[in-house]
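Next, two complexes with chain A in common: one pairs it with chain B, the other with chain C.
Moving on, here comes the complex of A and B:
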């Protein structure tokens, strides 16, 4: 096993554990508490790249399916994936690689572009979580579109924007540190 | 700090502790599948099974120490479902009450099962069990996936503790402002990512120096692990559910009323 593969494996595990641990940790910013899971899903792609982002989410979902309490609120199992919020969990599979692809597509970009790109990336990638999530919610609870948007989208927009901004700021600050970690493995 | 949360293995000698991990995983997946569609009858049986399993653990009291937030979650689920099903247009109060109660109970049973599973399963035994399951699936990098899962299980308690410590330190220095959530997240995230990355560096250096590779010898399953008894019990339990529901199932108006998906 080469140094590069070991480092990628460890980094994937690190992001998986961040995603899992964040489901227990909430920030009360108003009536709806912000769960940090989506922020770390986007960050896994931004800091690790599309491949590591996708593997982190796949490992996270597999761990949840076999019964480890990694889904929001300490739940687990196929019932959670097939339940009303399962679409949001599957949306992670889109968000993490998309964030990695958008943020890492051009490596030698100029400094002023860095922050807007990070903000756009985290907003767009975060929005991808809702793409399968909302129709899935509608289908599983047999709701009409206005009701499903009221239940599954509108209350989470402020939290989503806050998390996206924080993910962009963290992505910009920590990008070089994570790149160094991965490039150390490539040198050998 | 985060010991009240799940993910903390409590050593013991109960039947659940000794049960083969693959059987436990099979049980978790199957029970989870059963909970996709829930009737009062099915939930009662599952609750009874979980209660018996919990009672068989001598250190069962310790497992009760859960995060208060997790205990509030069923109430939130009940309230949310009750409001949406009972108070809207063309809604039925009784149907809303029953469905909301069942959904909250389903959440509690999923949470309880997960809590029992992690509380009685040594994380070191989960990785080899996963490998034994995944190695039969073609095109799946089973060894790498299991290594990642094993490392994740080791990282989670560290991250939970680190998150709590950073947040407490921020509060102690009056740096936790409810009015500035982005700043809070940023100041929480930077030391967290820095700290965890440092640990990841040490871990990868240790793995490299020990010439870690994915093709290492498969660990043996503990000779003390029990598999036949729990497997038969599980199969009897599933047969009982399907047999009873097949006999009474949709023909019984009460069960039909109280079933949801």
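Moving on, here comes the complex of A and C:
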């Protein structure tokens, strides 16, 4: 029991580190930069399970709120959450446990069933980030619906789809390793 | 080669060691002061409170013996983004007040409201940026972890909740430079095997495919380090939820009380000035 809790704690910190570290890297493609943070948020739920995924995202948001520069581009603060893009950050709270719940990495499945489930999980969990993000952006900047969709949703769709594919591939590849990591403590 | 210097390119706030009044404050008080000053920035109208608040932050920087150029060196890349927000506001957002236009340009008009909004946007950004870099310059990660544990103690119905959160924050900030170093090593190794990192002449899909050989080894290495850390913690008799002592103690001193009183007085002064001073009548409030 003790070892299991320590493993969960360290894995939570590991996912939080990956989410925070990915905020420093952007892939400059065309006018819209692709940020890997959303991919790691979905992966934390898929690989760690709903509880660890939610804990990782909560810790990440708390660190950002108290002033550590872990938000996109090395920014920080409660201002980010109260600002126009705050809805996306709160969407992380929905995406990580949803990915963990839908994917359920503890279950064994055959390969033809594993890959489509990972793809669907990545797409749906990633879409959950935009569900509070877009209305929040609309309300914050007093935009109308066509303008907010044009500014906050349409340019990000290609990057979103490709990140979901990458998250699905990584989820399938890494699933057994993370499951073994978490289950090692239970054998003692 | 700049693409491979991942550790140097991290835009993290850098801690500057010092023995000043600001450095030696209680970490929980520093976090609380950060939150209160953040609220003050958002509560300040543009004239005259915002410049006075910026000046106050400059005074704090002087007390900590930090150069203003060092604190504001990261501002430049964000300025075009701020200008973009200002332009979006001018062209897309309907105006709330009916004022005389300063300038006509085809079908678009420049109003005093636009100028005041832009000034407020830039003023807020400069104040917040100075505040955050000041905070990270005078506070170590360990102090932030301890301060977070103290501040979150009232939230924990279970005894170990604040300590667990503090532990996760501490481990997270030990992991981040490790992950950055690991990513740097993996990037260089893959580049020496023929991977085209840093080349911007290919499409989005190919570029994303290049990051798979970076992310999978990064995950594996991170998981191995996590395994080592777990075994080391177990070997050192760490038990979750148990009462534990602390290597570094942060006692509350008279200087902390003085700083707290100063902070409360500052906030009350801002609150008072907000209601006493108004520009252009009571219905125009920027």
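Note that the second predicted complex is superposed on the first by the 184 of 188 C-alpha atoms of A that agree within 3 Å, B and C clash if a C-alpha of one lies under 4 Å from a C-alpha of the other, contacts with A are read in each partner's own complex, and residues count from 1 in each chain.
Here is the rule we use: contacts are C-beta pairs under 8 Å (C-beta built on N, C-alpha and C of every residue); 3 or more make two chains touch, one makes a residue touch a chain.
What you are looking at is a predicted structure, and each value in this text was computed from that prediction instead of being measured.
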When chain B and chain C are modelled together on chain A, clash or fit: clash
First, second, both or neither for A:115, with chain B first and chain C second: neither
Chain B versus chain C as contact partner of A:63, first or second or both or neither: both
Which of chain B and chain C A:157 touches, first, second, both or neither: neither
Contacts of A:16 with chain B and chain C, given as first, second, both or neither: both
Where chain A meets both chain C and chain B, residue numbers: 3, 5-7, 9-14, 16-18, 20-21, 24, 27-29, 34, 36, 55, 59, 62-63, 66-69, 73-79, 82, 147, 151, 162-163, 165-166, 169-170, 173-174, 177-178, 181, 185
Chain A residues within the chain C interface of the complex: 2-3, 5-7, 9-14, 16-18, 20-21, 24, 27-30, 34, 36, 55, 59, 62-63, 66-69, 73-79, 82, 141-143, 147, 151, 158-159, 162-163, 165-166, 169-170, 173-174, 177-178, 181, 185
Residues of chain A defined as touching chain B within the complex: 1, 3, 5-7, 9-14, 16-18, 20-21, 24-29, 34, 36, 39, 55, 58-60, 62-63, 65-69, 73-80, 82-83, 140, 147, 151, 162-163, 165-166, 169-170, 173-174, 177-178, 181, 185
Complex interface listing, chain B residues touching chain A: 2, 5-7, 24-25, 28-29, 31-33, 35-36, 66-67, 69-70, 73, 84, 88, 106-107, 110-111, 113-115, 117-118, 126, 130, 144-145, 147-153, 155-156, 158-160, 163, 178, 181-182, 184-186, 189-190, 193-194, 196-197, 200-201, 203-204, 207-208, 212-214, 261
Touching residues on chain C, where the partner in the complex is chain A: 9-13, 31, 34-35, 38, 41-42, 74, 78, 88-89, 92-94, 128, 132, 135-136, 144, 147-148, 151, 164-165, 167-173, 175-176, 179-180, 183, 200, 204-205, 207-208, 211-212, 215-216, 219-220, 222-223, 226-227, 229-230, 233-234, 238-241
